[in-house]
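A single structure is presented below for examination.
Should a chain be cited, it is by its letter among A, B and C, assigned in written order, with residues numbered from 1 in that chain.
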């Protein structure tokens, strides 16, 4: 793996070796503590835990994924503390990042699983094709089998990205591969869903830090996502909220309203129903996020966001079905009305004849 | 008009009740007849009305009986309930669904609604003007009455005269004999009365009510007609404008009774038929007869006020302008000839021609307040308390104009107002329009 | 499928179909029964169509001598209808909803104005409900339809306000409830007095033209 780090070295020792100053380390701890919505008094506890944390074994299984989660996570910040944290876990298996290949890589994986049984973290990205396993195999083994095998000895599973968490783009209609999420297959292990397409890097780090610090899962929301990062909607924290409240909406891309930074609701923004930290934590070290760059939120951290009726349709738009159905409805109504009136008329004619 | 009006009315009511023929019908037959009548008389216009009611209750504020008694059962649309219920179960487009929760119409329902629909409704139509949904409530109540009459549930005081008219061609015992007597009397006074002419341009209708009550209406009518020089006649076998079929709701009788007049008019080749001072007679002949007989009438129907206004315009009627003396005048519109008839401007034109400036009541013309006695109400003892309560509203409306004299052009209104005047010691003079004109003919 | 997905998708489609079938059925079924032709001679020629059309407007304003005791009901009745239409047709996200269907939109009012309008409208509705329950005339007329119609009209206003202010549950749940409450209203319309929104026009027209052909102003 990256670097030849002794297994039993603590994180603190590794950071010191890497030249990270105490101040820099504490600054990171303060940041991550606040990101996880923990009180300031926890900073020293976090610091102490991280310092003394043993390098946990981490197995990363990639299934039907685009590698975007890995890209987002590893490329956007090197070298940074997050990257070092990542370095300091024992990433014993990762297709994109590992040097080994073929049977050697598979053997390494199995060795790590055996050696750390019950203690390793399983990270998964990509959905699992259940419809036809042939769509995605590794070394002749289906994704599903791989998942079940690896999950057995895992302490916890982190589904990274919307594909692993909820099924993502492969699951979008018509779901040709029969893609499912990790939680659809694993029922007996703790699962943390870190959704997003891709997820915010800091979020992954925060989850890992929490696990390293407390040895347990953070508080999760109704979709199994850490509340610290997914507890509020983008809409709740959007800096353009005041324009929404005033009813000032951009009508089209790059129009006057768009240039003035007005709300993107009309252009299809799904922020009101999307839970994530984009509006506060943002991307690329807090540079920006989609809305700030002028594009409506796609709702990418929500289940089935590909099938929510169109990225550029506002939330208030509803699907009213094929026009043919509506015309048929009108015709049916007319037929029923005509039949009713005809029957009434016949009755009336009969009654009229009975009137002298 | 003389002060024996009230006594005359009481004896008329008794007479009316006694002439009612008992109807030998089982309860089931009664109900079935009512239902058949409802079916036969409902049309698409009424369906849109029955579909439009939103239970706002505003119609209660148009009805003089509801306002006078503050009894919510006289709310106009509530009077239609039996018809509505029938519609919901038998004609409504969603009737198959509605039958699940709409109770069946029963004979008890009809009997319970009888006082609301007869005693409590003078068929004035004011509710139809107010309803924000444009529901022609008066028409719906009218159809409800038609069903009730078919079930034999019309009040005896209204059904009796209907039966008499149909059977005897008399009303309260007065018919061709009594007319001929009256004509002789008028001839004795020097009037030329063209009775039973073979041909004439104008056929004039009077009413037994006037003959019995000995009002001066017929005399005035004769005087005025002769003054205009029109070619007119009055037929002893078809002079009765009153049609109790309208008042009782007995549609078949209404049709047959009106047939007499239509045949007589065709017989004499009349261009015009003039109704001299009867209220309900006007809409019956002008706005219903053609539809009853499914044929357009080959003659015009005019109320006397329309005739007078037309003759004023043609120049054949010349009046002295005496400005009604030094008195304050008001005009009471008859519901049947005004709001439901359309003759609103004409009586006013006639009064102006006499130099009379009227102070309009707050509710006048199409919004006028009913005298309270129309639609047969004046004839029913059970309805007199209601009528009195409604009358207080009318009296207030008239008094607010400061009027000392009020003109009317309807025999029913005149009788009702005179009755009210006697009952409440009202210090006002009530005049018939045609009699006022007869008194002011310029030579 | 989440509740919101159902509300925005199949729920709406089903409600729309029921609404369409019901409206057409009920209107046609009523206006196509026996038609009586009026063979009497109209006063002054063929004004009855003009009279009918005029009545469609004038019946909204009863003569003042008739409405002395119903001014409160009359004005609050119009006020809440107007308030409701303002909320439905002039709120931004609603305009986008219609634009999606019709292909064109129109200007909208600031959200604060809409919210105030909505809350005032609800206040008036509650007042009129109380009135309906205690007024002697209405107590004689009231039936279940009156109360159900009030409820299905009130719920969209209530759920919309709650959704806008994110009060009471997660936003997507509130939005789903709001859309579902509208679907409930849509389904209820054809079976209730709410059809007056369609029937009032032919009803006013026919009465107006009846009076007009008799020579009485609509």
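Operating definition for what follows: contacts are C-beta pairs under 8 Å (C-beta built on N, C-alpha and C of every residue); 3 or more make two chains touch, one makes a residue touch a chain.
What you see is a predicted model; the values in this text were computed from it and never measured.
Look at the CA centroids: the one farthest from the centroid of chain C belongs to A. Nearest to the overall CA centre, using the mean of each chain's CA atoms, is chain C. For the pairs A-B and B-C, the larger set of C-beta contacts lies at B-C. Centres computed as Cα averages put chain A at a distance of 43 Å from chain C.
Spacing of chain A relative to chain B, judged by their CA centroids, is 81 angstrom.
Once the centre of each chain is set as its mean CA position, chain B and chain C turn out to be 38 Å apart. Residue positions 25-26, 28-34 of chain C are each in touch with at least two other chains. Multi-chain contact residues of chain A (touching two or more other chains) are listed as 336-337, 340-341, 344, 348.
Of all residues in chain B, those touching 2 or more other chains are 42, 91, 93-94, listed in ascending order.
Remark: chain B residues 42-45, 47-58, 60-62, 66, 70, 72-73, 75, 77-78, 91-94, 97, 126, 128-136, 139, 286-291, 294-297, 300, 338-344, 362-363, 366-367 touch chain C in the complex.
Per the touch definition, chain A reaches chain C in the complex via residues 222, 233, 235-236, 244-247, 249, 265-266, 272-273, 303-304, 307-309, 313-321, 325-326, 329-330, 332-334, 336-338, 340-342, 344-345, 348-349. On chain B, the positions that touch chain A within their shared complex are 35-40, 42, 90-91, 93-95, 150, 251-252. Here chain A touches chain B in the complex through residues 336-337, 340-341, 344, 347-348, 350-352, 354-356, going by the rule given at the top. On chain C, the positions that touch chain A within their shared complex are 2, 4-5, 7-9, 12-13, 16-17, 20-34, 91-94, 96-97, 100-101, 108-112, 114, 166, 170-172, 175, 179.
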